[in-house]
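These notes concern the structure reproduced below.
Per-chain residue numbering starts at 1, and chain names A, B, C and D are given in the order in which the chains are listed.
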Amino acid sequence: MSDLPRPPVRGLPVPDRPAMAGFEPDLTVDPNLVNLDDYERAAAERIPAGPLAYFTGGALDERTLRDNRAAFDRRRMIPRVMTDVAEVDTGVELLGRRWPTPIWIAPTALQRMAHPDGELATARAAAARGITVTLSSSASTDMGDIAEAGGPRWYQVYLLADPGARRAMVERAVSLGYEALVMTVDLQRLGRRERDIRVGFRIPEGVGLPNIARAAGVGDEQAADVAFVSRLTWDDLEWVAGFGLPVVVKGILHPDDARLAVAHGAAAIDVSNHGGRQLDGAIASLDALPAVLEAVAGRVPVLMDGGVRRGTDALIALALGATAVGIGRPVIWGLAVDGEAGVGRVLDIITGELEQAMALAGVSSVTELNTIRVV
Amino acid sequence: MSDLPRPPVRGLPVPDRPAMAGFEPDLTVDPNLVNLDDYERAAAERIPAGPLAYFTGGALDERTLRDNRAAFDRRRMIPRVMTDVAEVDTGVELLGRRWPTPIWIAPTALQRMAHPDGELATARAAAARGITVTLSSSASTDMGDIAEAGGPRWYQVYLLADPGARRAMVERAVSLGYEALVMTVDLQRLGRRERDIRVGFRIPEGVGLPNIARAAGVGDEQAADVAFVSRLTWDDLEWVAGFGLPVVVKGILHPDDARLAVAHGAAAIDVSNHGGRQLDGAIASLDALPAVLEAVAGRVPVLMDGGVRRGTDALIALALGATAVGIGRPVIWGLAVDGEAGVGRVLDIITGELEQAMALAGVSSVTELNTIRVV
Amino acid sequence: MSDLPRPPVRGLPVPDRPAMAGFEPDLTVDPNLVNLDDYERAAAERIPAGPLAYFTGGALDERTLRDNRAAFDRRRMIPRVMTDVAEVDTGVELLGRRWPTPIWIAPTALQRMAHPDGELATARAAAARGITVTLSSSASTDMGDIAEAGGPRWYQVYLLADPGARRAMVERAVSLGYEALVMTVDLQRLGRRERDIRVGFRIPEGVGLPNIARAAGVGDEQAADVAFVSRLTWDDLEWVAGFGLPVVVKGILHPDDARLAVAHGAAAIDVSNHGGRQLDGAIASLDALPAVLEAVAGRVPVLMDGGVRRGTDALIALALGATAVGIGRPVIWGLAVDGEAGVGRVLDIITGELEQAMALAGVSSVTELNTIRVV
Amino acid sequence: MSDLPRPPVRGLPVPDRPAMAGFEPDLTVDPNLVNLDDYERAAAERIPAGPLAYFTGGALDERTLRDNRAAFDRRRMIPRVMTDVAEVDTGVELLGRRWPTPIWIAPTALQRMAHPDGELATARAAAARGITVTLSSSASTDMGDIAEAGGPRWYQVYLLADPGARRAMVERAVSLGYEALVMTVDLQRLGRRERDIRVGFRIPEGVGLPNIARAAGVGDEQAADVAFVSRLTWDDLEWVAGFGLPVVVKGILHPDDARLAVAHGAAAIDVSNHGGRQLDGAIASLDALPAVLEAVAGRVPVLMDGGVRRGTDALIALALGATAVGIGRPVIWGLAVDGEAGVGRVLDIITGELEQAMALAGVSSVTELNTIRVV
């Protein structure tokens, strides 16, 4: 018998289980906000139509947007049993930092459209949990304010056309303690998101782009006119890597690009199709993952984002070989529903689901992920 | 010509068939209670919302819950014809007993939430038909009462944290003539069943856990606070096997676990995902069956449960190589609709469907199952 | 140039085509009765609930019933072009007779439940077109009346339990000029058709089983009580073949049974699952066809029935290797809508569709079917 | 860094992108007419029921019609990143002409049923963009008027039964500067389009077939009675090729026919199933493309049409190996909504989508299409 002394379990509503370790908070929640899809529904009632279209939409027919989620539903796990999962450690080592959970917050723009506290609320909720947040170049909050939140942070880089401004933006991120630069490589053009067009989306008054404005030395009203570079090649990755921070290359789907990214200095690769917002018809992130992993062959960590809405989704991606998974839109939904507390709740739900999913799959740490199968 | 003297067939409503042997009762039934799905619908009108959520629900998005059934619908049988099926013998030998039908009642908790007679009604209906019933550790009826029903019975074991209580519960089952111990290995944590959370499910007043209470020496009100072991490993299987009864290891999906179960003393394996209530995204039981069968290679019988709602479903699983199939929720539906009579009717329907399906597939006994194909 | 003198085309409603040969009648029809599905809808408004359930239904969950049709929808044809299809010959040689079209009328019982003229109307419509009709043992019309219709006819044999009656029924069919005996081998039990149970289907007053009654020497009221043999084996096929007519073995799905049928004297095989009315979950007829064809290896013709509702469906089955396809329920729908004229119209539609489909696929006769592909 | 001096980007509604090059017009459009499906919906409100049925419908059950589109949705692209796509050249060389975009207008009949300006509006919109338009033999506008529009033009040939008329029609197209002859090879019969039958479609008064009438020397009222050849074989292709223009063979699905077309003088092949209007159940054009490409092995260009509604669809076909894709119905929808301007808008949308899709896929010219994958 392997049972060690454990505190007795209190007031179980359903008796057929041994313990509630790691998942107790879920029993106290609002029954209408049980999971991340609930937050999406609740947020849709709170966000105005224009920003909602912007946050929700994908490109053209939204084939890829839907497929990002369908790809998880097509997969099945073959879990293990009778392993010791009394203590599940979801931690993972990534780019020199120990993460409490292999989930990170992917960059999303203009979060103050969802809640007045915007990116700051997101950063505080993440910091309180030791979760890495990525600040978008198109953030509506100053990168200095995010740094003051004090948590682990990455900065997502779009390259400004003006060389001085371009350098200034990156240098400021480095000086503010951002630990990695996330270089988005799938947005040389903006994908055509028809929801935006149908509702006539424009950035609301009072929501600015302070990091672009400051780097370019213009006022808030001019920030939207600041040009990005119109060409982006692997040389640009080397330029970004020259700042000394590890660079996460975000937006890789093709294995040949994964090889090129590693060859040009990527510290990590993020398999992503930009949330289905760029090339409609692009392969689902999860479906692209295996070939990228094979091409990378362990030389750098491979992350993914796109369609992760459940801890079980995260487990599928991890079991296939991803080191961590990013979530984007769900953070917006939490933010819209309840600011920092809402983001915190979204993070607690999905990290709790992952912890439980690992236990239910018989996996007590990420080092054991190879014992289960995904089919 | 191979027709032996047979009693003439009476009053056929449809003349294009030779005989009604084995399926006659179905013509007399309530046209609204023709099959097990009918019982589910009828039960949903009788069971209060909380218990209904508990009995119905699966984990998270209920992907696995749905897939358990979809897996049967994806398969097709290639039947045989012109074999002698005038007498179909559905019997099977299992763990030293001759079963009249390769269908058993899988454990479900708290049956008194469905009907005041609870597990006793189930046991009596099963006993009258020689069908093996499994009593859950979380049953709401004393295991002694079930034993008095007199039919073939298995006891499903959750391990209590207190060593004395743990041993006491198992020893009492052994002494009461339970013929096998069913060790559930996929519930070290309770899967997150969102239906329960949404309706605020709590065990109703007056429905207790007498077997846990008695083993732990506490009153009915304290039973829900009795802790289970927080770790479960293969050593625990050996401890359970030490009581001398055959142990059915319930909850295996991975072929490596099937091998380990056999190595640690399993007398039989039950391929199961706990009715889709534990790891959402786990493979459907039926889809997991072939690899487990291959791993076990005939050393012990392999059972399955999950999604069996028709005799044709049972036939598919048997033709793939299962020795028997378990049904769980349908028993609850029968119980809710009409107590012992309802359970009996549910059993008669599915065993009748199986008998007929074998005949229609040209199979007069389980030894001939290898003549048909499942694709 | 290959155009020979042809009559000019008159009054074309749409000009982008060269000719209307072979499909003109369709332009004159009731726009609500354009295809066989229209007839099904129209018939459902005319047939009483009980008989409608009987004619429409399949066994249990009707998985096989639906799959019979879905199997056609899953297939695609790769047609040929630029072949000479000015004259399409749909004719085929089968069991010594030249058929004008490779479509036959499969047996359906009790046609007088659909229309007072019943099987006689069906036989007359078929005779007028040279199409072979199969009379069911459970027909509601005397086989002598059908013979008087004068067309090519087959008799479907169920074996009566009484040896004298059994022989009498077959001998009468032989003496009345039926050209083949269709032995149904998949109905040793009646499949469970839940629609019948739900509506409480009983054979209506005034609809009898004259061929069974006459063979058994009983009155019409007793015919439904006449027993069929309760065992059916390959010896019975040899007994049927002993009457000297070619025997079409109807109800084969498994290639091993196809081999056995040939070995025991089948003159042709009909791949069928009894319209999804027997073993629910059985493979779709079309899906079973290729393996049966491979097993038979050309020794006897292979027919199929099940789900054929379009000339394009017929072409798919023929291109896969079937010699002819049977239709069952659509004949009932035509009968219900307009008696003999309705059956005729149903036959004209589907044979016209097949003729056109062959032309559109670039196939001017069945000997050229191997030039197209089905994927 | 690879950014060259570029004009600054003005007034971006969404800041997370570097440039709007090539897709700006879309931001100014009617939010109800954003894509080609919008035009279909809008057109359905403007076109009378009969012509709408004619333009919309496919044959029989419209399986192939639907599958033409579904085939695109089943495919996914694996795009490239970090390539220089600041300038995307969608141009392609085809039959001696440089095309600005690999999209052509496939022939559709009777366009004056959609708008009084009919084919002339289509031709003018195409000419203004340098896009090749194909005039149908069943056009409702004189081929001379189309020639005066001055753009690149092909003539689609149906062979008239009368040898003199047949020759006259083709010779006139040659003399009017049509650059290629499109020989439709999949319409020896007219497919059965049930929508036409249900609404009783007839060509409206005042919509004629001037090219057929003129060639046959009859009045407009007699044109619909002019017969086409009733046989069409590869010899006819050689006859058409004898006029000296390149011949595009339209309607090939089978690889053997592709080989035959090349052997008999085809200058290009168009993989097509006539918009799902001929053989229902025929393979989707996109699904037929790979085998045709393999059979042709680069000897002539391979085009396709059927189901292309998005620039991403076009990119999928091109990435699989097509040289250009045709659109048919969407042109009708644009025509119905706003005449020449509507056709122009439809062309701008889909060509803009293609240009953007290439950029988003990391492909700056058609010569780089082999760097991406379609799965």
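The rule we apply is simple: a residue touches a chain if its C-beta (ideal position, glycine included) is under 8 Å from a C-beta of that chain, and two chains touch if they have at least 3 such contacts.
For clarity, every value in this text was computed on a predicted model and none was experimentally measured.
Chemist: Quick one: which chain's Cα centre is the longest way from chain C's?
Modeler: A
Chemist: Just send me the rotation angle from a CA overlay of chain C on chain D, rounded to the nearest 5 degrees.
Modeler: 90
Chemist: Same or different for chain A and chain B, where same means more than half of the interface numbers show up on both copies?
Modeler: different
Chemist: From the mean C-alpha coordinate of chain A to that of chain B, what's the distance rounded to whole Å?
Modeler: About 42 Å, centre to centre.
Chemist: Take the average of all CA coordinates in chain A, do the same for chain C, and state the distance between these two points in whole angstrom.
Modeler: 59
Chemist: Out of chain C, which residues touch more than one other chain, so two or more?
Modeler: none
Chemist: Among line, ring, star, complete and other, which best matches the way these chains touch?
Modeler: ring
Chemist: Which two-chain combinations touch?
Modeler: A-B, A-D, B-C, C-D
Chemist: Please give the residue numbers of chain B that touch chain C in the complex, ascending.
Modeler: 1-4, 6, 8-23, 26-27, 29, 31-32, 34-35, 72-73, 75-86, 310, 312-313, 315-316, 353, 356-357, 359-361, 371-373, 375
Chemist: Which residues of chain C touch chain B once you look at their complex with the stated criterion?
Modeler: 54, 60-61, 63-64, 67, 109-110, 136-138, 158-159, 161, 163, 166, 185-192, 194, 196-203, 209, 212, 223-237, 239, 251-254, 256-257, 260, 278-284, 287-288, 291
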